[in-house]
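Both complexes shown next keep chain A, but they swap its partner, so chain B is in the first and chain C is in the second.
Coming up: the complex of A and B.
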């Protein structure tokens, strides 16, 4: 039998060092920065301000709109990702569909390609006049819709960035939910059929409960990822036009790497993490109930 | 009567079948079309892209955009940077997580559950929050604009996920093998190198593929920690290809295609591992 003594912990040493170096130290310094007034454009400036940065954040004219956009972006994305992901998983799961593996591989494509590339392709397809979307709309007769400037229109910009984000993320749900559907025992469906349950009732009473736990996991993770996502909006609109798609991560980035206001930027990061740690746990247990 | 209801059933079935196939085709078109459009725009002169008329296929083929990005934008160098940083991240990540996953799943040290939970919660700390302190740390160690700086920052998002993936594979290895090896006098280190690593090769393959795709895809850290072409990566360079007038769509899509090709190759070779890893994370998780 193997020994269990202290030297086994040596196997954790590399991981422990890395965690200390790349997580705990940066994390601690982010928290510490959030309590200081530090601006790299003024080298001497470094003083303790307590919760000053957080008070400044609450009074920032961008705080309320950016928080609203972050919530709309997160909820809108996750709801539609789940709906599209589940529908496509059900369709791909159908016995009528051949070449399942090829189809699943193709569906996963938008998720595997770098977000930056996806965002740029969509920026290209959504450009006014010559962009594919506008050309296609005018080709099939929606001439008035084809005049739309998707990413520079104040009221269309949020739905558009959400749509692009859904396109890029739903494949993850499709693949995981397909695997989840495969774990539901066939006998449950047969029993439901014997009991005379209709198609919808089988879906409601067998399928949905069967994928509940997997759904809770992927929805919770996507809430976290979407709320903190920077790439999609930064590359599509950089928060514009006129801050109409500004979210908390783009405000943070702007404060840190345009204004070099490191203390204030860190307080936005701490705020993001605070919101997530208060909501992600309860959300997961509620979904998984 | 009976015959008619049977044929009614058959035609209803055919209708469902047709609708399903239609939906699958629609799904695949929506998913694949933007990539087709990217390639199509990269091999035609820009005048056929910025045009009133929609050309699905290039009316005239050209390699000018690929020549442009490789000659003028030095994309070869940037391709090399990205490959070097991604592969180094994979190697670093594996060296760090293999012993730890082995200690958790095979040696079963006390506190394993706590360590797993700690690493899982680290996954919640977003990159956008780490970007500021990492910038400050890399700056003070003069690691901005270096490969090392990028590799270190990439391990922040590869290590937690890859550790969880690898330890779930290690847990599926048969314990008896290790117990009999220990009875035969093998040391814990020998058992790791001779038994655990070879047996978990498919799992480590999945882990490595993930670490690679995640590193290859990074935009935030590379965009912040590199300012010159010497260490810039593809995702960042592609955003510069549109040119000063924002009109060079051919160059941009050529760069985007070059960035996507390695992803496609990994995808074709390791698709099974990717799907397995993805579902292992969430279904068993």
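Coming up: the complex of A and C.
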């Protein structure tokens, strides 16, 4: 048996230093900033304010709507991404679908396109009057729907950005769930069939439990990624109109790069981290039970 | 003894040889340039790439590293790098960024180098003002372009409309140009278009032209304090104009709420709107558009006094540049008369007053004449950190367009927000 001595830990040192440099230092720096009043417009202003920035966040008129929108955006996106991803994975897993690799590659396309390009394409497609969506709706006889201003209507904007986010993200679910489906032993389906289980019953009692663990991982990750997602909403609406699609990451961005209020912006980042630390872990445990 | 002397001489010669090699192989000076001029896109990008290559050929000891990004990225990168006490040698900026960057202490004071430059007097004082804060100069004003009324002359001729001079004329013209071409009860063409997105860059500039033309300004100094230089009534009249065109005249596309230039300019190009406020860079689009020959320019209609936005772009030097002298030499060469005219191309107008004497100057009444004619009415954005306050213009415009505020409420709200911003972020320093 190999003798355990202190030198073996030395081999971990470069990796530990690397992680400290790229992860722990920025993290500690952000936490420190969140406890200070720092505005880049005033280089001399750097004073400790304790929890002042967090108290200011709680009193910010945008805090409640932006938090609500963040929750709606996250829940709406993850639920529909999972449903669309699972449906497409089941279709791809079906023996009746040929050219599986080509089909998988096609499904992956929305996910493979860079987010910025994806969002800009959707912005043009959703443009009122000359955008593809409105033109198409008009062509198939939905003239009243074709006059919808998807990204500037206060009621439509959030469902629209969720839909774009779902379209962009569902292929990742499809691929991961397809891999998960492939690990379910065929014997389980055969045994269920012998026992007289109907198609839905086989899905409910064999398929879903079979992909539970992989689902728990992917849903947890996507809750984290979506709650902190900035690019889709920023590129499509920048949180507008009238803050109707404002989420916490866009508030953070505006505070940091429009107001240059880095201390306050960091407190929003730390708040996001706190929320996710308190929710993502329990969520994973619950889903993976 | 002889042996020691021989060793010493040999060592000495070797050191001399190494020193000589070191001198010969002195590394060239690398100048980093951050700007937006992409040589793969139409416009000034190719011209810049050509001039950068020419400069390196003329100065073999200089290597230029050209980093191209969008204006948004450029601003963020400059701010973040500045906080880390880093930055490029040459930094391209919008004029309104200069006060912010000066306050962040990331720009080099170039006052001495600029005032001793033989070409200093070739730039109008108004352009140096944009590049200056507190009497110190922080860069070269490389372009000076105004905003004008861009209109479809073919549609004006079709409806027998004269080019509008005042807001009243503009409203009347826009109303006449709004038409249901297919006679199906749906309007197809609209008279006018504005930017109104929350994050619009051009929207606040359009708003500024309207506010200035009421005879107001954004800010002024009063007893050592910065205060609004407009009244709530003047701001109200601007919001009233937008509201009247949208809800009374119906001469703005209802779907235009939330437009930025990416939606507005194509709408003008496709004929959905017949008028807009725009800049000289549209000449490039006019050349590509099938109806581009019908695009004409005129001074922008005014309320009380003619006014326009004098957009000056500035190239400065980072305070953290280790080659400030070489960076200034590059700027002086790039913005010598003929080079500046060549670089301005079709994107913007050169800021030098001797531009027309350059052999590279090509007269153009539509894309240069109107713009030069309106320089005298040009206003710059406030030379204090004002970027965050400009966002209020569009916030309140959206309140009006979504009917959450009346124009009077929006005007008062805008006044209150600007007052509050000046007190909390400018006057307390």
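Everything that follows uses one rule, which is that the second predicted complex is superposed on the first by the 275 of 289 C-alpha atoms of A that agree within 3 Å, B and C clash if a C-alpha of one lies under 4 Å from a C-alpha of the other, contacts with A are read in each partner's own complex, and residues count from 1 in each chain.
Keep in mind that, in the parts below, a residue touches a chain if its C-beta (ideal position, glycine included) is under 8 Å from a C-beta of that chain, and two chains touch if they have at least 3 such contacts.
The structure displayed is predicted, hence computed values, not measured ones.
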{"item": "Superposed partners chain B and chain C on chain A - clash or fit", "value": "clash"}
{"item": "First (chain B), second (chain C), both or neither touched by A:151", "value": "second"}
{"item": "Partner chain in contact with A:64 - chain B first, chain C second, else both or neither", "value": "neither"}
{"item": "Contacts of A:257 with chain B and chain C, given as first, second, both or neither", "value": "both"}
{"item": "First, second, both or neither for A:130, with chain B first and chain C second", "value": "both"}
{"item": "First, second, both or neither for A:51, with chain B first and chain C second", "value": "neither"}
{"item": "Which superposed partner A:241 touches (first chain B, second chain C, both, neither)", "value": "second"}
{"item": "Which superposed partner A:41 touches (first chain B, second chain C, both, neither)", "value": "second"}
{"item": "Which superposed partner A:198 touches (first chain B, second chain C, both, neither)", "value": "neither"}
{"item": "Dominant toucher of chain A (residue count), chain B or chain C", "value": "B"}
{"item": "Listed stretches 79-87, 115-123, 169-177 or 385-393 of chain C, narrowed to the one that overlaps chain B", "value": "79-87"}
{"item": "On chain A, the residue positions that both chain B and chain C contact, one per complex", "value": "130, 257"}
{"item": "Partner chain C, residues of chain A touching it in the complex", "value": "40-43, 123, 127-130, 147, 149, 151-152, 154, 237-243, 257-260"}
{"item": "For the chain A and chain B complex, residues of the former touching the latter", "value": "1-2, 4, 7-9, 11-15, 18-19, 21-23, 25-27, 29-30, 33, 88, 91-92, 94, 96-97, 101, 103-110, 112-118, 120-122, 124-125, 130, 132, 135-136, 139, 167, 171-172, 175-176, 179-180, 183, 214, 217-218, 221, 224, 228, 230-231, 235, 249, 252-253, 256-257, 262, 265-266, 269-270, 272-273, 276-277, 280"}
{"item": "Contact set on chain B toward chain A in their complex", "value": "16-17, 20-21, 23-24, 27-28, 30-32, 34-35, 37-38, 41, 49-52, 54, 95-97, 99-100, 102-103, 107-110, 115, 118-119, 122, 124-137, 152-153, 155-156, 159, 163, 178-179, 182-183, 188, 192, 213, 216-220, 224, 234-236, 238-239, 249, 252-253, 256, 259-260, 263, 267, 271, 274-275, 278-279, 282-283, 285"}
{"item": "In the complex with chain A, residue positions of chain C that touch it", "value": "75-76, 79, 82-83, 100, 103-105, 197-199, 253-255, 257-258, 262-263, 266-267, 270, 272, 385, 387-388, 391, 398-399, 402, 404, 425, 429"}
